[in-house]
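You will see two complexes here that share subunit A, one where it goes with subunit B and one where it goes with subunit C.
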Partner chain A sequence: MDNFFIERSKQTPEIKFDAESGVLEIMGRSIPENTFDFFNPVLSWLDEYSKNPASKTVVKVNLEYFNTSSSKYILEILKRVKNIMNDGYDVLVEWYYEEDDEEMMETGEDYEDVSGLPFTLISVEED
Partner chain B sequence: MAKKSIYQREVDFLQKAKEFMASSDYTKEELQLQTKDLIENYEELVNQVKIITKISDRLQRKLNKTNEKLEQTNYALNETNIKLNETIDALAEAKIGRKSAIIVMIVAIALFIVSEAWIEPIIDSHFPNSQYPFVGLGLKLIVAILIKPGEDLTNKYMLKKARKKQIEESKIVTKKV
Partner chain C sequence: MMDNHIILSFKGEITSEIITMVLQIMETRLEAEEAKSSVKKKVFNVLVECMQNLYHHAEAELPGQEMTRKAMLEMYFLDGYYNIVTGNFIKNENVEMLKARLDKVNSLSKDELRQFYREILDNNQISSKGGANLGMIDMARKSGEKLEYHFTKVNDDTSFFDFKVRIGAKKKKAMEMA
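Let's turn to the complex of A and B:
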């Protein structure tokens, strides 16, 4: 299966999904003009990946800010990862946030609660 | 074709449920199954709305905080800018003050030389020193009295010119930006 990559822009995050290693990374800022157009290929790739995932899937989320519609798509991504876990595969979500970014940390906790996935909240130093 | 939205799956499901209800050709079991699916989807949607609203509110708070920080930084920058401009103005005024003092001094010296070399002999020939001892002295006194107002006038003129130049330069910078 091909890997998936979208370059980071001012409004969209970098998306780097490696099918072989099972590392799925989302980094940057997510405020796309058309969220459907941006995230739909991401979800399609994940649907394909979940048919034959790596033995361990690690989702790394490192977002500084995202809009409301992106939050819906993050839920959709996590839902697909949950399906992979329900199929008996090992999964982990690494949620990165800047050390003084209380809001992003709490958001990670909310996603952890609602998704029922194993989360690791990781504080990183500001650039 | 209608534009796809982020709630496309939910919209599609709702449409199917509407079509099912409109058909009126279903068994009790089929109706129960449809209702069960509808309830499950509705529950999921409610949960999603709850979490999305919570997250959205929180990120709005983050945005507000960032905005407040930006406003504070902007205010501090403006304050520093005002102080910097005041200092630049004071420096420019001091520089101009020195320049105008030098100019006035040169003019005064020139006038003194002119009065000693050319005006004094003319005065002496018309008003002999023995009869009019204060004419030459009075002329020098007038030149001495005029030094200060002359310096002030020169200073004012040069400041006006410098400010005009500054305004024109700032207009050019604004246009470039």
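Let's turn to the complex of A and C:
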């Protein structure tokens, strides 16, 4: 299937999903007012991908900011990945946060708890 | 000690274009602030939530004036705290629900808020306006203080909703010291 790419903007993240390698990256910030318009195509792509996923799927979440209406959609993405795991495939979530951003680290823990997926929390140095 | 100062004052209709513009300006202004970057990040996050609340929920003062959904937004630094203040009209019929939600959030401890956040994240449906009912919980977590609010009845249809979130510029070390 085709890969999926959305360039980042001031209010929306870069989305880079590679169907062959199974690496799904979300990078930047996600603060749009109308989250449905932005995330709906992302979820549709994942629904297709779930039918025939790579042997290992790695979701890399590297967000500087996201608003609460994006947070539901991030969980929706992870729920689809959970289904892939339940189908017997390897999955991993890599959750990146800037080293002094305790909030984003805690949010990663929240998602780990709620999604029930294997998580790695990765601290990165600030630019 | 940082001096007290006004950072932003806005009154008008909150459109998508205005949000983009204000956030862009505020990003530059916050960069110039002396506070730690983790504090600035919280301030920016709360500002985003506040503006999006105004965008989705501000009502006209009188019925039939839907074209003029004016709202106000202010930010100032006072005595060690960033204060983000919003004001908007809401329908009287929504006051009770909003008040109940704010009181519930204000009644919870830090750990309880986190638990509540996880519950709502997991269970709640996304509302028609895109809100996930997480906004107030998220702001309370970022603030670490009680959310301040006041409703003033304006007429038979609307009330005015004052709302304030405070974010301390100094990170609290109380827990680590205890």
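In this section, the second predicted complex is superposed on the first by the 127 of 127 C-alpha atoms of A that agree within 3 Å, B and C clash if a C-alpha of one lies under 4 Å from a C-alpha of the other, contacts with A are read in each partner's own complex, and residues count from 1 in each chain.
In this text, a residue touches a chain if its C-beta (ideal position, glycine included) is under 8 Å from a C-beta of that chain, and two chains touch if they have at least 3 such contacts.
Given the structure is predicted, the values throughout are model-derived calculations rather than measurements.
J.: Is the arrangement of subunit B and subunit C around the shared subunit A a clash or a fit after superposition?
T.: clash
J.: So, A:Asn86: does it touch subunit B (first), subunit C (second), both, or neither?
T.: Neither partner.
J.: Scan A:Gln11 for contacts with subunit B and subunit C and give back first, second, both or neither.
T.: A:Gln11 sits against subunit C, while subunit B stays out of touch.
J.: Tell me the contact category for A:Asn40 with respect to subunit B and subunit C: first, second, both or neither.
T.: first
J.: Where does A:Glu103 make contact in the superposed view: on subunit B (first), on subunit C (second), on both, or on neither?
T.: After superposing on A, A:Glu103 lies in contact with both subunit B and subunit C.
J.: With both complexes superposed on chain A, which partner does A:Ser69 reach: first (subunit B), second (subunit C), both or neither?
T.: Both partners, subunit B and subunit C.
J.: Touching A:Val114, do we find subunit B (first), subunit C (second), both, or neither?
T.: both
J.: Looking at 4-12, 40-48, 94-102 or 148-156, which bit of subunit C clashes with subunit B?
T.: For subunit C, the clashing option is 40-48.
J.: In the superposed arrangement, what residues of subunit A touch both subunit B and subunit C?
T.: Dual-contact residues (subunit A): 35-36, 65, 67-69, 71-73, 75, 101, 103, 106, 110, 114.
J.: Okay, in this complex, where on subunit A does subunit B touch?
T.: 35-36, 39-40, 65-69, 71-73, 75, 101, 103-104, 106-107, 110-111, 114
J.: Quick one: which bits of subunit A touch subunit C in the complex? Just the residue numbers, please.
T.: So the residues of subunit A in touch with subunit C come to 10-11, 31, 33-36, 64-65, 67-69, 71-73, 75, 100-103, 106, 110, 113-114, 126.
J.: Would you tell me which residues of subunit C are touching subunit A in their complex?
T.: It comes out as residues 16, 19-20, 23-24, 36-38, 41-42, 44-45, 48-49, 52, 55-56, 114, 117-118, 121-122, 124, 126, 130-132, 134-135, 137-138, 141-142.
J.: For the complex, which residues does subunit B have touching subunit A?
T.: Residues 3-8, 47-48, 51-52, 54-56, 58-59, 61-63, 65.
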